[in-house]
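Note that chain A is present in both complexes that follow, paired respectively with chain B and with chain C.
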Partner chain A sequence: MSALAASIAAQAASRLPAVLEHCRSIVASASSSPSSPSTLVLEQQRLGAAIQAYFGCADAADDRQRRASAEAVLAGTLADLILSECRESLRAQAAPAFWAVLANTPQPDQSNSGAIATWLAKNMQAAFAVLEASIAAHETLFEAVLDFAQSIPSLSAAIRAFNVNTEAGAIVFARPLPEFAAMVEQFVTLSYWAHAVVHDDVPNDWHKRICDDVPEEAIEALQQAVGAATAAVFSVCQRRKLQHRVLMPFVLSQLDILVKAQTEAMANLFADSCHEAAGQWIDTYPAPWLRHVLGESDECDQLISYLKTQWLSQSLAALRTTELFDIIVDYPESANALSDLRALLIHPQQRAALVQTLRASFERRLLHPGANTPDILTQYISAIRALRQLDESGVILEQVCAPVREYLFGREDTIRCIVSSLVDDAESDLRDELANTNASANADSDVSDTEDATDSWNPVPLNADLTQPSSLRKTSDIISLLISIYGSKERFVDEYRALLSDRLISTLSYDIDKELRNLELLKLRFGEANMLFSEVMLRDITESKRNNTSVQERMPESVKLDFPLNVIILSRLYWPNFKTEPTPLPKPVEDFMKAYEAAFEILKPTRALHWKHSVGIVTISLDFEDGELEFSVAPAMASLIMLFERDDPWTLGELVEATESSTAVVRKRLAFWIAQRVVIESPADTFSVISKIADQGVPLQGIDADSDEEDALHNIDGEAGEEAEGDEELDVTQCFMFVSMMLTNLGSLPADRMLTMMGMYAPTMPIDDRSFRRFLSNMVADGKLATSGGEYQLVK
Partner chain B sequence: MASQNTAPRRTASATATNPKLKSTASTMDGHAVTRRLQQELMQLMGAADLGISAFPQGDSLFSWIGTIKGVSGTVYEGLSYKLLLKFPSAYPFNAPTVTFETPCFHPNVDERGNICLDILKDKWSALYDVRTILLSIQSLLGEPNNESPLNGQAAGLWANQEEFKKLLLQKYNENANKK
Partner chain C sequence: MKVRVKNWSAVAVWRWKVDDDTCGICRMAFDGCCTDCRLPGDECPLVWGQCKHCFHMHCILKWVHSPNANQLCPMCRQEWKF
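Moving on, here comes the complex of A and B:
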């Protein structure tokens, strides 16, 4: 045992001086330039201590453990010495040599891209060639050290982990030139340029700048120089594993620029499928370039696939998400963009972002007073179709359109718009939809059936609001969705009735074929029972046609008029209420009507005829000195203008008296004739008719005249409380009657509560908070109401 | 086998659709009833000088408070009574439930305010409305039907109008003071 130990110690002792000598020589040869002496001295001291410890142990040769540990310390110290010498050499030699190339040749002016390109191509290539040479030299040196270390196992293990490439990279690029980052960036950009120019894909602005600076014939040479330089530099980087340290950040930022440019190029291209095109683009341009830069490796393949499936896709998805509002506007032309987006929506948070963005753009671009209700409806309908394609579960649609529905609900004319586009003669989406009888005829019963179908069941997406009935989400029937804004069909049916009444009254012919067809379609949608009133209305018209003929045949010749006067006989209970206004009629017409009434009562003894003078339409022709003008207007308008036959001019007061209406009403009617330039007001409150058409000037065929014309024909008392429009004044008597009824039964109430009650139970008495409070204080002043503690009560 | 399998499914779907039909029917009615009640309310505005009046109690149109004044020339002259009218969802095809809120000493009114009036029971017709109901009750005050009394004491006392009026006023004021 002790003999063996002694022999090992002797062996080590005999060899150690040689080892030390060898080390010194290697260190000396490795550091051709003087390295920092202090380091060496320090290392030598440590080495000396280690050797002493070793020999100390060797004396006590029987203590194997102590000797082994001393040997390990010695080997470690040796390894440290060798490696620090190597590092020192790299730091002292390779790094300065590399940076010297770049620092010693002055850089050209930054504004001249051509010069920069040339400079970069030349110097980067040179610098990396120097780097390659010095790393290679160190590699050879280190291999020699390794050979020597083979003889001492613990030493060899300690220095084997040393990697010249890694160390060189770390040391050389630890303190780069300040402008190095910019250089590499430009160099990477240039390399893509050189690569892309060959492939005719030149998205980066370098191309333009280079073309500005470099004569055309030199471009190819430059491109080749850059190509060669980049090939050389990249191969050095690949061999010495410098891609990550030197190139990667700039490669990624270059890719980022490319992806952004590519995404931008795809903006507003809704008609093509950009998703596929983007994949092809990656395969054609960035992918080969990446292989060129990074070399064929798994990492490179991963980067390319990431670029395809995530980077560009997400960028495109984000673009399409922000463009979704316009995509919906363009639908169905934009169907391809939608299928792209559908394929690109991978993450749940993308859906959430999409909902948020789209909601915001709806609110910004659509849900404001400046947008027309038909436009909002059109966009909503388009959104229903488009979002259905995007997400057939309907959750996105539901979430995005909730504010739209709410907003439409709040708009007064929504129902009118929906109903009129359902039955309008002009082609509209809704009309097609109505005619499409295959769509669920009776939406609510149909939906439950499809829900039970388990074959195609898919879970509801996570962000679905489960408190909402799924039926709405599932239904793709646009009309059902629109109806569901209001919860019931009633209001549509009523509105249709009002509209139908309007249309029937304002046609002079008894032609109702079109309306009959509409009615049949609506019956499918709303059910027969709901359409009963409208059906009776149409039957009234048909019967009126027959009755009118037979009644007129029975009338005495004496009362016959020299113009046709057709009567429509309505079943009062089935028609909406008409606003009746006193409408004085010319004597012959009144006589005719009396005779008509008599003849009718003979024909239909059980029926009574009540005339609605103000309802209907009159075609009148106004004769002027130099010609005549024809108008189709409401009877009230006609009777007003006829007054001017009798007398001219009229004052406002006289007209009010003659027509037995209020000032506001007369003014409104006059406004129509003034807009038509038939009546002029001069001076104020005095009206006269022009005598020549030539005096008319250009008739005001602007918006004003149009809307007045509509008003002139629109004489139905719509349920929405339209009649209050012209008459802003509060009807005090009515209001007091209502309030006193309320207070008689309920005792005393605060003003707010009364106002709420009025809103709920007297919708035909629209009143705003301010005028109601004024009314209340008037009543208190008149001694009709008493107030105490904020509550009002009747004075007994 | 086939018929055994299909038969239950058919019945299941039939029962599934039936409640739906019913519910839509009742909501449609609900809307029509609301409209009718609203119209009646507006019509009542003109009836204040007849000594009758009514108004929805709160946020529902289906429960009203009514007020009637005793007709002059009867013992009830100068007195005013509050009533509670509750409308069924099948109104006007079913009669509303009408009870006196103010205790009313009357041969045809019991102490809980129930009224014995034929038009509120078997003689009800959809042609009646709040106005006619209130007018009928108002005239019932002056012309009780002593054949079928709900309040025996009042019916017995009716013949003696002076005594009746004394007791009536005593009870009316008692109630008024209670408040």
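Moving on, here comes the complex of A and C:
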């Protein structure tokens, strides 16, 4: 530094004092001989004019005012002259000296990070050392000028405003080298690298690049060199107040890179509280670095606190907002991420953005035909819980989930899914919720607004939709929320009835303990009156068990079967309507049933039994030459396959005759056995049974069997429903005629009532509860009927 | 192939052996129960009077014990006898 700096200092020193000397002599001579202004030789006319004016009015000694103003002009002009000399000196010496250091050493290849680092460390340090030296030299000079100016008060005031540091910064960096910005940027990045590599926190790719270019043993030395260079450069910048001019933009962009990297590193980490960790990270890494770069100052503290409370926080909040869908999927494991987000949501517009983003991701990821209804429900339930934690006012939940609720309302199997997850054996969220009886009280009644209004008043956020009742927003009861999708409990109750009926009939035992427990829970939820039918249904099962035992004891030996045939006797008004269809059963079974009927009437003389032949479940085993296959199927299926025992093959016509059913029905039943690969159709309309299991052919068996097994079980009334679809054309016209007549006469009616009346007026029409309801909803969809409060009416 | 039945669950419904569908007093279905009962069947039995009219037992008992009924069958106004 020394030689160059010394020469600059010498040059500056040589020029400025000359000027000052000159001025001093002008002033001295002017004041010593006021009467001879003509002897003055002026270098600059302006100064000359000022001096002339000054001395001109000095003649008129009595005019004090004029004299004073002329003195001020003179001082100002003198100050201008001195300051412009100073600036000129900085421009002519300090700036070129500084830039020469950087410009004269050839830069290394940009691809070699190690070389760049070394080069920057060396030359930046040198350049700033030169700068420091020349500013220091000018400072010394300027102090001399100030000393001189002390003698003229108005001159001293004008000069005092001059700040060497500011002027030097402005002049030196007014015309930087084109590559200077890139150099500083790299230098700042390097400084963070040197700072962070010590702490093993190296988010930028410099580390990797440097490690690629520099042998491992040299890294430490390089780090130390860079550390020393940055310390030197930053201290120059701090001393000469150059941080803003030189460093700040690059410090900020470096921070931006760090914040982005840190945010990225926190992506998908829902299990831990990242908000706190982020604060710690700032304290550990960027904060000391910032103090190192900017020095201990208020500004630096402000920047650190801004980084903590705004910059990284908002970046994290934005990240969590976009990840919210996944956070909900992971809930409750992601509870920490939610409390982070909760703490970070401070601006109203963040909430609005969150609602928008989450709605969009629900629509994109969930509300499409590819998603299973149970999955949508699970996510919805999870969302209810998670968003409650995020915002207990329930406004976010309400706004985000409105489309979900609408979509669920439109899905046909939603109710069935909700109800079955309420009562299924498998552990499910809803089941736990049902068992959680605390919440059940408000399923019915509106929560009164007054009771929680007293001690902690928490106003509803601005973006709340005030047209909605607040009770729904506040309730945290998931089942109530699900039920409210449909507006009333009736559809749930009906669906539960259908489901319970399926379950009771398809269980081969009379064991209903579990159903009883469910019933008790549901009673709490839906009220005893709504659950009466299922109480009767369950009692039917227990009664049947008792009656069955006594009836079986009274059965004559002659009709005894070689397998157990147990009977469930139902109270018909309390069960869903079963569609009965002619189902001829094997002779021994028919005989047994007749005898059973007689025995029952002995037991209950005033009552009669009516068989539902097509309903029930039969476990059969098909014995082949090489093994056996077991199936649980509807009685009609069993009877059909039994025909093949007697005769093989059958034509379609023969089967239709033997089963007294329609071609379509026989085909449908055969389709089950064909799918099971027990029956083969070959040639067309001729059916035969395989003789060996080996003939089944292995592939697809596993997949098909599962789903079809289910079909066979649900056949209890599922089949009836499906067949109704087959004959729908006929039904719809007829049915609508009846329905429209009823509604014309009676205004509006609930579905049950209409079905009962249909049973009276059109007993021949094969219609059951479910297909009738489907028919009604189709009519509503077609705009022929309108529904409100569970009652239907004609659209006028 | 041989079919072996292992288990057969059959389903039947019961009905009272009565011509009418509904009770003349409470207008509820016979196969359901009277307005005071919750469970049909044995818990809410039917009774036949000597006049052959049939009611829910609870309904007719209430009826014949009411002061204005004079122990008459509500359908045929004959004296009610079990």
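Quick note on the criterion: the second predicted complex is superposed on the first by the 624 of 796 C-alpha atoms of A that agree within 3 Å, B and C clash if a C-alpha of one lies under 4 Å from a C-alpha of the other, contacts with A are read in each partner's own complex, and residues count from 1 in each chain.
Everything that follows uses one rule, which is that contacts are C-beta pairs under 8 Å (C-beta built on N, C-alpha and C of every residue); 3 or more make two chains touch, one makes a residue touch a chain.
From a predicted model like this one, the values you see are computed outputs, not experimental measurements.
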Residues of chain A touched, compared between chain B and chain C (which is higher): C
Partner chain(s) touched by A:Asn745 [first = chain B, second = chain C, both, neither]: first
Which of chain B and chain C A:Met737 touches, first, second, both or neither: first
Touching partner for A:Arg607 - first (chain B), second (chain C), both, neither: second
Partner chain in contact with A:Glu791 - chain B first, chain C second, else both or neither: neither
Which of chain B and chain C A:Thr764 touches, first, second, both or neither: first
Chain B versus chain C as contact partner of A:Glu490, first or second or both or neither: first
Which superposed partner A:Glu681 touches (first chain B, second chain C, both, neither): neither
Touching both chain B and chain C, residues of chain A: none
Residue ranges of chain A in contact with chain B within the complex: 444-445, 448, 488, 490, 734, 737-738, 740-742, 744-746, 757, 760-764
Residue ranges of chain C in contact with chain A within the complex: 1-17, 29, 31-32, 38-42, 45-46
Chain C contact footprint on chain A (complex, rising order): 505, 508, 532, 535-536, 539, 543, 561, 563-575, 578, 589, 593, 597, 600, 604, 606-613, 615-624, 628, 630, 635, 638, 641-642, 644-645, 648, 689-691
In the complex with chain A, residue positions of chain B that touch it: 16-17, 20, 24, 27-28, 31, 38, 41-42, 44-46, 48, 53-57, 59, 61, 64-67, 82
